[in-house]
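In the two assemblies presented below, subunit A is common to both, partnered first by subunit B and then by subunit C.
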Partner chain A sequence: MKRSAILILLACLMLVLFEGSLLGQEKAKFEQPVLITSAGQSADVTIAGMLFKKANVQTKALPLAKPADLDGIKTLVIVAGFSSKGLGAAGISREQELGRVQSMLQAAKEKKLKVMTLHIGGKARRGNQSDDFNKLAAEASSYLLVVKQGDEDQFFSKIASEKKITIDLVDKIADAVQPVAKAFGK
Partner chain B sequence: MEEWSGTMTSGSRLLRYTILFVLMSAPAFVVAQDFSIGEKGAAAIGTKVMIATAHPLATEAGAEMFRRGGNAVDAAVAAAFAIGVVEPDGSGIGGGGGILIHLKNGKSVYINCYGQTSSRIMEIGFVYGKDNRTAKAILIPGAVAGLTAALKQYGSLPLGVVLQPAIRYAEKGFRIDETLSKIILDNTDLLQRHPVTASVYLRDGFPRTEGDTIVQPDLARTLKAIAQNGPSAFYTGPIAKEIVDEVVRYGGMMTLEDLASLQPIVSEPVEGTYRGLRVISAPPPHSGVTVIEALQILDNTSVSNLGYYANSAESFHLLAETLRRAYADRIVFLADPRFERVPVKGLLSQAFAQSRFQDISMTAVTPPEYRQTTVGTPLKFEPNTQTPALKDSSEKREPEHGSSLDPAGGHTTQISVMDREGNSVSLTQTLGTFFGSGVTASGVLLNNGMSNFASTAKVNTVNPNKQPRSSISPTILLKGERTIMVVGSPGAARIPATVVTLIVNAVDYGLDAEKTNSAPRFLCQRSEPYISMESRFSNEAQEGMKKKGHQLRLYGDFDLFFGGAQIILVDSTGTMYGSADPRRGGTAMGY
Partner chain C sequence: MERHHIVALCALIVVGLVCTIAGREFLTMYQPDEILAGPGVTEVRLLSTYFGPLAGTASDTKVYIMDSGKPGATALVLGGTHPNEPAGFMTAVLLTEHVVASEGKLIVIPQACNSGFSCTDPLEGYPQSYTIQSKSKLRTFRFGARASNPVPEWPDPLVFLQYPSGQQLSGNEVRNLNRSYPGRPEGTATERIAYAIMRLIEQEKVDIAFDLHEAAPEIPIIDAIVTHEKGKDIAASALFTLEMENLQYALEMSPVNFRGLSHREWGDNSHVFPFLMETSNPIQGRLRGKTGTSLIIQGVDERYFEAAQLGTMRITYDLAGEPLARRVGRHLRGLNALFGAYAETVPEKRIVIENIPSFEAIVRQGVGQYLN
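Right after this comes the complex of A and B.
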């Protein structure tokens, strides 16, 4: 009897672990091809490209992507964070950039694409100017990958909790390689 | 390059080294003082000394010199070397700048150490824009020559002592703050191009971030060599050879002779008046003339009677239209005076300023297109000289567009200092744009100052041994012989506008140091079709400006784009108020 109970318990444990693993893979259900774009025109898009490369995930990075660029794409990655330098270099205003990001998210929704938001710039990409972009992108995502310094006030954690979005917090930018790989089942 | 030790006898050298040893090893000689410290723009208050820089460790380096009994020049030079280590994105010994010194005896001097092109620069075909952030854009760095010259002539402490904080910070490392973290992030693409540079600022290919420590042992070795042997250790010998080799290896142009022959340009500052005060600033090819021209245009009327410019379209419009004209003149007339005749006297004449003021309509933008801004005629206001007459701007001098550095960023750095004797220093130094060329040699990150040349303007094109025009405008306001304001800022093309705005806030609106430094900033220039401005201007001011025909581009509330000013204001009792720009992570210290 005792032996049966132990076996049942072990079986349950296996089931739980298996389920957990499945859930983990559920979180990892992102598919290629991947389009990376910016929300705020920070240079973090370049760094995100490096992260995906290290994670062995092929991407196309277009900081100023338009909805038409989503044709054939299965995952949209938004790299959130404002940069006045980036906007200046792109020759667009903050309002134009907000409009572009909104149109990308709307198009992704219509095409039923999965959206992932990366926030890797820490405190440098927080504050009034950045947070409009951060909120816009985060709320439209099914997965948030955030460097902890950018979430010291739980800005992203709260969004994740309220919108029931999966979130991973990492200590350093380099630590984001593993979660990216996992998200794509690598 | 002149030997640091000059004609010292072995006896005097022994004495110097003995003093150096004592100063470096015996803290008992260091005078303990309780410093007032101001962070995030808040004023530090002192009656004897004051220093403001963009990094707490650089400010501390200057304070350390004051504790050792040094003067304002000692403190400024120590802070300048130190900030090149702890704010490596903005300046360093691989770059250059300008040092404005007003001495207690009433004499003023400007040491231009911006750096210049190689004597063989025409051999590599620098292409403006494409080559701006490459080794091709590297000027012969002038910082070491200028800082050591200032110290030798006007300082009181040995170079070995003044360099100690910088060496310490390079050797032991420093913590990356929020500002530097952001700038590293923004410039990762540049930093990863060069393995040696990447090894300092990146880890596993990704940017080091806030809280990480940066250690620069190679830079410490170079600084030690300069401390021991003076500037010749930098401009000749193995360090010079490594610099030349790296520059050439990456496609730039520099020779050992270029380095060995480089000298700072020492001259009188340019001078004008504003509201009865004397304004001294950086002569061409630096932009003190533009600051003074703008102030003298404004001197034709009252700004404060029109209301505070952040709340009033009337005063905002006047400031914008004034700056637009001063910037138009700057682009057309300012250049290296060793190569071009710059009509400095005309640009600084009160009559010329009056003519520019009369060109301004208070009701609407005139002409309505910024790019059509009329260039002034300063040559008409030049006194007769023997120099062959130069045709006026409208005929020969085509204005260029897009000659300013990259479209954003508060690159460069400012150090403002005063001492109990009444000496004051306004020092601006730069690598060009953030992290300069990205090329590192002997631990020294090298500049990209060539990007300050213009692609189309005749007066500011590339030539051998020439300096580009620069926006840097270290400035001092004097009441008689007494310093009442030390001011300057980084920020590329925004620099003259920011310096003018700071002076207007302090002088016209009577704001204290903290409020002056916090006040909203903007830029209006001919080469852009809109006013770039911080977002804290009132709706009334913004709407009023639009009605007058201005287009506005809003930035952050406190945006690094508009510089990182370091200012000192002195009241009638002699009390000094220092403020480090809240847009950048600096501090002011005084006692």
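Right after this comes the complex of A and C.
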């Protein structure tokens, strides 16, 4: 009897440990409703919207979202990358955009929302102007999905490693559909 | 005759010879480029058809109509808005000489800023022309300036006040067609071109319009599709298609507060879906070295390769460079993908263009293979 109890206890312990290790490898699970916003006002936010649609995940895309737009939202998706034309189209300055993104991330943290960052613009969305936005968004995320061309210098991989953030690197934007679907359990 | 008279006479003869040679060179820039209308062209008009006062001026230019005779969308393609961006011009020439519309109507203006083909930009050391071996002969095309020829519009103002926004730009931008939309009938020569193009869009009921450009490899808006907010879904869909074929394009939105550009003013002042495409052209760049015709055609510059090695470039630049064939191929493939995305969005108004060479074919065979 005593032996059986020890064996059951050991089996339970193994199961817990095994499941724990599985969870450690698993990507963070995300839930709908989803709000997509930009960090840097690149038009990649439009492409991200199409990408989520292809992954069968319903989203609300607001490139200039404010913290109040997070009401009722469970996942915040940040599409990172700077565009001077995009800022011009939005009619805001780079500093205003940085402030907006910081306030969104702060609000998401307070509301305990999960944050996912997408970087799909490759080299065009890297460099000094973009990297402030890229770093800000990436460090606040629990999952990074990056098109490889934007990580040739391991910019995102290093952040992921240092901050223990799950990262997926894909060859093309179209290849990001499957990881998005998986992240939402589709 | 005394000795100093002989010396003076000789000097005069030498000066006369130099002036004659230079003058002949100068005047060759006024010889129009030969564009040989292909099987798809159903009519050739002048831009002045849409705005009479352009007739007989250096700004008037040919408009090639390819009407399938079948219902569908009407598309407009502009090349040569900036005549020093040859991929835009050559793409429009290739369309004119090679493709056929099988649904809808295609209108092509290869030299939108015609007077800009009659000069080059000072201090740039640009060649005046370049040659391409076509199927039938060696063709020569002028390499022009960024803006209209300054002579008919001289002098430039110190500050250009864009009409009607009042936006202030540097004086020489007064001759930049892509700052002059929507134009005005009593404006400068360049504003009149813009006005005529707007009238064409209106009278021909153009549904989808393209302005083909190039830019220096180091600028941020490169290998890109720029569009008005109403065209973003079409552009995003096209971008997906292109990416599946390993052709990366950045999607950029037209700034609302930067006035006078085609993608902004066409979109705001007509019902057209506007798209501007940019390829990477090393001869326009500040890092470039030797500036000759091979840089136009081959697009190979070691300094850009060095810059890429140093990680300062936002596009991939390898020792193969950015040849004209590749740049024209990107424009053509981009156009075709946008035609397809437009047809998905507005299925009742399709435009189908036959004979557009694939990107791979044009890179492999060169532009000349598709010219008459």
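Rule of thumb we're sticking to: the second predicted complex is superposed on the first by the 159 of 186 C-alpha atoms of A that agree within 3 Å, B and C clash if a C-alpha of one lies under 4 Å from a C-alpha of the other, contacts with A are read in each partner's own complex, and residues count from 1 in each chain.
We take it that a contact is a pair of C-beta atoms (placed from the backbone, for glycine too) under 8 Å apart; a residue touches a chain by one contact, two chains touch by 3 or more.
All values derive from a computational prediction rather than experimental measurement.
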Check subunit A with both subunit B and subunit C modelled on it and let me know: fit or clash. clash
Classify the contacts of A:106 with the two partner chains as first (subunit B alone), second (subunit C alone), both, or neither. neither
With the two structures laid over each other on chain A, which partner does A:47 touch: subunit B (first), subunit C (second), both, or neither? both
May I ask you to decide whether A:172 touches subunit B, subunit C, both, or neither, giving the answer as first, second, both or neither? both
Go through the superposed model and pick first if A:124 touches only subunit B, second if only subunit C, both, or neither. both
First, second, both or neither for A:93, with subunit B first and subunit C second: first
Answer with first, second, both or neither: which of subunit B and subunit C does A:153 touch in the superposed model? second
For subunit B, which of the listed stretches 6-14, 222-230 or 366-374 runs into subunit C? 222-230
Contact residues common to both interfaces of subunit A (with subunit B and with subunit C): 42-44, 46-47, 50, 83-89, 121-125, 127, 129, 149, 172-174
List of subunit A residues in touch with subunit C within their complex: 41-44, 46-47, 49-50, 83-89, 91, 121-127, 129, 149, 153, 172-174
Which bits of subunit A are touching subunit B when the two form their complex? 42-44, 46-47, 50-51, 54, 83-89, 93-94, 121-125, 127-129, 147, 149, 172-174
Could you please specify the touching residues of subunit C with respect to subunit A in the complex? 220-224, 226, 229, 232-233, 235-237, 239-240, 243-244, 246, 248, 250-258, 311, 313-316
For the complex, give me every residue of subunit B touching subunit A. 178, 181-182, 185-189, 203-207, 209-211, 406-409, 553-557, 559-561
